[in-house]
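A, B, C and D label the chains in the order they appear, each numbered from 1.
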């Protein structure tokens, strides 16, 4: 993604304390990029969900935050990346209520609803990358 | 599973008194394996549900309890096995509220929520095997 | 393992003493339904303090018992669910919907006393 | 980040002071279950005013906490969910099913007072 991210923040995710750090950083980067109000909450919530999935389902991963644009639209780019086991059936994982853990199964589909763009690529044994964008209003 | 189970306890399940015995044994084995507090209750509850399913839906079966480990993680392995009619649609049976009896239909999905690992294999006319693991904290 | 049922004034108190089989639980339900009629009891307390497991069968049976007894004119309170038991129940998805739960016997009795006084008050007002 | 739990008469008030990790939330759940027994509390208020994110783990844990505490005889109210937080929760699909939510601490206390009076009074269907 070089060229697209001008300045970026990377947060290593390996414990549940890092989930808190990631959502705080997300809020801070989004504020710097000019987001406000409920958009900040939405961005922090999305990052919280994706960071938790990294902790829950893989050993370790990272969150990358930075600016993005498309034509005149300005926004924030968020990437959650891990080299964990991957998701066997991404279509299933994207359904409300589907969880291999003991949780609600709303993380992936819910976060997609929070974002303007949401893209997930997962390869068995290689890991998972979720790329999200939220545009400024 | 040889090599994985060092010492194991087997409990024959054929009446509702055996359900009580099974959950008491589960608590006792788990205590010996170093579990305590709410984990003991969770383990006993899971065994109670699985043992009752054996009594309710098949003539007879068994519960096997023993130690397990994965890397440095230590835990308890619990197997509920019967040679009953099997479950025609396991995915359906795993849904909250699905029951062919007059009960709550929470036994299988609820027990999965109680466990760290939960695996069910069922073959029509051959029987059902539920394999569960709970790790020490 | 039979559950002793004590009559105390207008109330019945069933104190579970040890782990119960499913059959014991069904017997308790039937026994309570009968005695509520026999003694014209206004309230029933089921003390589950000693139970270290409350699984789906026990929850379903106790809920059904409470509903049955209400139809027979008695209020039922389940008391003494231990914290770990409550935790496991919630994970299983069991919430004892529509059943009154109180911390212990004392709270349960206090609840029934308030309950029944109000019911009597309402009747007198009519 | 430990959550201070204040005892105020029959109630416990847990005022979350800062962002919580998942572990902090689980500790809060266990601590409340224990203290409800110790202090014989009838009501619990969890004040989440300062939380700027309520994600699926927090929602699930608070829901489980409320159900657990009810089984122990105490009513739970979550207060202070901010409008933007509520908005994000709804988008995520989180609804705190079966949990009472009130605007703020004051409303929460008023609700518990009414609730407990009602419990003392005629039985209402829950």
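Following the convention adopted for this analysis, contacts are C-beta pairs under 8 Å (C-beta built on N, C-alpha and C of every residue); 3 or more make two chains touch, one makes a residue touch a chain.
For clarity, every value in this text was computed on a predicted model and none was experimentally measured.
Number of steps on the shortest path from chain B to chain D, with steps defined by chain touch: 2.
Most remote chain with respect to chain D, judged by CA-atom centres, is B. The rotation relating chain A to chain B, fitted on Cα atoms, amounts to 80°, rounded to the nearest 5. Centres computed as Cα averages put chain B at a distance of 29 Å from chain C. Separating the CA-averaged centres of chain A and chain C is a span of 48 Å. For the pair chain A and chain B, the distance between C-alpha centroids works out to 36 Å. Within chain A, the positions touching two or more other chains are listed as 102. Within the complex formed with chain A, the chain D residues making contact are 19-23, 52-57, 59-60, 82-85, 87-89, 91-94. The touching residues of chain C, when paired with chain D in their complex, are 75, 79, 81, 83, 85-87, 89-91, 95-98, 100-103, 107, 111, 114-115, 118-119, 122. Every residue of chain A that touches chain D in the complex is listed here, in rising order: 16-17, 19-20, 23-24, 27, 37-38, 40-42, 44-45, 48-49, 52, 96, 103-104, 106-107, 109-111, 113-114. Against chain C, the residues of chain D that register as touching in their complex are 30, 33-34, 36-37, 40, 64, 67-74, 98, 119-123, 125-126.
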